[in-house]
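One chain, subunit A, links the two complexes that follow: it is found with subunit B in the first and with subunit C in the second.
So, the complex of A and B:
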């Protein structure tokens, strides 16, 4: 693969990741959000595979395969499962309105661009321009966790943030050591499991998963 | 034989063994026995590293110098004491219906996994593995916090998970950025996630990169350490967890996060100079101490009072780190003193809360009369935590204050003295009415279990001994830690 095609491919997929993250904020249907999350997993697997093809590092293909299975298939399915078990109507879960969400997302992308600028300037990679899109995705996920005080949306935000950091890692270093990647995947799986259990218990004990109504602990 | 790998993996294997054998009756004996073994292991490691030897393991992913083994030893000691306390505590709690009976089978494997994750944190050379294991400590303790099937525990666990995983995600960005900065090292030194490698090549790393990495890592690990303004999860989590878990969360998990932060700070200081790194510690430390002291004054819940006091003391540790070599010496000593004192306080307060069935400070009184041992322990712990002699924290706080004034940070010193004074008044105003007076009806003669008595008296002895003198071995270890980090 020649350098030009490579950089175009990585840029295309990275910007798509950011676009998908914006799309998550730009609508209020939880089921659609989870489908978008799945798409994001596929895109991330593609980025890893492309970088693997370019650099010839075979361990990146493993990373791509694991990303495909975990972020693309397993976690979205598990998320759907949890959502159905709690029995929420699909669009009931979001306190952020669409225009506000879009404004937030564009603002955060600007912040990401600004924060990442010194890094991008110092970077020797040809794909350094995608840095803002990875940090932007992470920041959008972070804001979903903080602004939306609904547990399922917070979990969505957490997964989005993980995706952004994953993209940051893979485009900024062209692959962390495989062991560390595996460890991060392991944490991700455990985190998904733990949140699933917590959500199911919250649904069972409280009859809702609205964090705003959890206010026994103050001061 | 790979000593480090054994030290880190053994607890997880022990947990697996307990799940497979499921010894419902002997679970406590199993749990306590394993904890004693972990202490023996960390002592063995300490005896090797104290002379300056560096132990590596699992390829080069694990590495222990004297600071790592000191952190591991502190962790294992508090873990062992909490485990000794836990057996009878679990029996009593399930008797009262606070814990479902089946949870005992889950408690032990979970705390062992928790310990294993902390051991990996202390022994990791690879900063990626360090991050993975520190994140794992959050994930493992989430189920432990909502062990008592109360809705408050569930609420605390959710907030803990959300805030800590957001925080620590920042640390991952920082870690990746540090790794990326080693990729750009000139002269083909190679890329690595090892802190030892980064420390060695620190001067060659791009300062701009390292600054960004350090700030991200500081926010991330600082959140886990409970520094203001990233502290919001801490009072909830520490106050809702079962007593032995609270003692471990406050006593050692905060220190593990501080350890991780210190490792990255040492690298950052090489690349961008000690001054700018230390001023970050100083600012966040002061904010923590001051804010926590106000919350201590207005607190009405006993365990939340202790949790805010943990924030305050982590702030003192951060201030110490921000004051150069002398301050770091005091900070490390203070981390030890705080771990022991806070374990003592949480364990004795847990006893009191268990008897009274409430955490409201106003509804607890006459603890000294209702039980000599617990009253004495709570009293000694309270006097120690506010920094009165002859207990350990007095000595380390004194060293940190001295470092502040000698190094010319007069304003920081004055602010610290003010906050300590406020805490002194606030904490004792809560503690004294609980200790003195007549016990309320039905609590005139309470008895703690033999295990609890032993653990509490042991901890009182330790903090008293640490207040009278710094033993020669400890002094040597602390000095070696300061020089290993090349802190100045």
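So, the complex of A and C:
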């Protein structure tokens, strides 16, 4: 694979990742948001595989396979399971309207470009233009964590942020040691599992997973 | 000889832009019917309907003025003019030198403006409401369309649509700009909204309070209705042609080379048919949006276009 094709391919995929993150912001339907998260996992697996093909490092294919299984298959199915188990309504409530949320997302991407520009100029890699879109994805995930009211959608935001950071890491380092990646994946599974169990408990005990209403318990 | 060839190319283009959309409308309907386990109408039903309508007499409301009579011709002419600027089987088009994307957007806008004027002209409550709704959708979708075509123009280094298609068709898929997915999503959403398709509007409902495009045509009959429907078909055809040629420019015929024409024709028909079939699937699997939820989707298309602009302005091509 020649360098030009490679950089274009990685950049194309990274913009698709950013686009999917923006689509999650625009989505009110919880099930569709989880499906978009699954798509995000597939795209990230593709990026790792493409970088693996280019650099010829075999452990990147392992990273791609693990990303595909965990982010693409396991976590979304687990979330679907939790959703059906506690009978969550399909409406992903936000404290911002969708157009406002999208404006916030665009603004955050602009910030990501300004923050990322000096970093990108200093980066030795051909894929340095990906930096801003991966930062943008992370920022959008963070903003979703802030504006969402339901615990499950906050977890979606967290996973989006993690996706952004993963993209950042893999395109700026061309693969960390497999041990580090494994540790991150393990953390991710634990985080998703803990949130899932917490959600199940919340749903069972209070009959809702609205984080804002948790403070009502006091007094 | 080249002059004759040019005329020939223009004739094929003209036939294609005027009549192929009718088949595309038939394909969308057929796919929807098949997915609902019905057999569906013949593919050329739209043409038969139009011919029937052209033969019929026209009933014009007493309150209608000349605006009402002018509008069908005006909207049809504006759409047809745009259809002469958007490439189909080849990137050379009859009005290639004038095919600036701003002009295309303004022509489409003036077609919509005339239709809305005519809807208001008869003072029917339904049609007036439809005009107001259509303006609402257009006001939100137009910025996204301007921005995404502007981005495509920036990437291609030209503001003329045929030249954009030519530049994109010269490149391999991997060399396309990274903003392509962003503007593709933006343009697809805009195309669905402006053609009044599900989830924005349902082209099959009549006499329902929520409808947009069909309600504006309520007072029309005979040749007027035929022109309006044909104009809508032209708009659908040119939207699909624009998307097919900007994002999947495969097998386009080179101008003044007869040998490449069959492949170009086949590829164009295949690509637009696939897009029309996808539109049919989308219409069958999605529900109509509540009217004030339309903003969510249009905001998504706007945001995608804005992201593309941010990328192009900060990093460059």
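Criterion: the second predicted complex is superposed on the first by the 211 of 219 C-alpha atoms of A that agree within 3 Å, B and C clash if a C-alpha of one lies under 4 Å from a C-alpha of the other, contacts with A are read in each partner's own complex, and residues count from 1 in each chain.
In the analysis below, a contact is a pair of C-beta atoms (placed from the backbone, for glycine too) under 8 Å apart; a residue touches a chain by one contact, two chains touch by 3 or more.
What you see is a predicted model; the values in this text were computed from it and never measured.
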Item to complete: Kindly classify A:105 by the partners it touches after superposition: subunit B alone (first), subunit C alone (second), both, or neither?
Response: second
Worksheet item: Thinking of the overlay built on chain A, is A:4 touched by subunit B (first), by subunit C (second), by both, or by neither?
Response: second
Worksheet item: Is A:186 in contact with subunit B, with subunit C, with both, or with neither (first, second, both, neither)?
Response: first
Item to complete: For A:161, select first, second, both or neither according to whether it touches subunit B, subunit C, the two together, or no partner.
Response: first
Fill in: subunit B versus subunit C as contact partner of A:143, first or second or both or neither
neither
Discussion item. Applying the document's definition of touching, compare subunit B and subunit C: which contacts more of subunit A?
Written reply: B
Item to complete: Classify the contacts of A:113 with the two partner chains as first (subunit B alone), second (subunit C alone), both, or neither.
Response: second
Worksheet item: Taking the superposition as given, does A:173 touch the first partner, subunit B, the second, subunit C, both, or neither?
Response: first
Practice prompt. Report for A:201: first if it touches subunit B alone, second if subunit C alone, otherwise both or neither.
Written response: first
Worksheet item: Looking at subunit A, which of its residues have contacts with both subunit B and subunit C?
Response: none
Discussion item. Can you tell me which positions in subunit C touch subunit A when the two form their complex?
Written reply: 172, 174-176, 178-182, 185, 293, 295-297, 299-300, 302-304, 306-307, 310-311, 314-315
Discussion item. Which residues of subunit A touch subunit C once you look at their complex with the stated criterion?
Written reply: 4-5, 8-9, 11-12, 14-16, 18-19, 22-23, 25-26, 28, 98-99, 102-103, 105-106, 109-110, 113-114, 117, 129, 132-133, 136
Worksheet entry | Complex contact set, residues of subunit B against subunit A | 61, 126, 128-129, 131-133, 135-136, 139, 142-143, 146, 151-152, 154-159, 161-162, 165-166, 169, 172-173, 176-177, 179-180, 183-184, 191, 193, 206, 208-209, 212, 235-236, 239-240, 295, 298-299, 304
Worksheet entry | Contact set on subunit A toward subunit B in their complex | 115, 118-119, 122-124, 135, 138, 142, 145-146, 151, 154, 158, 161-162, 165, 168-169, 172-173, 176-177, 179-180, 183-184, 186-187, 190-191, 194-195, 197-198, 201-202, 205-206, 211, 214, 216-217, 219
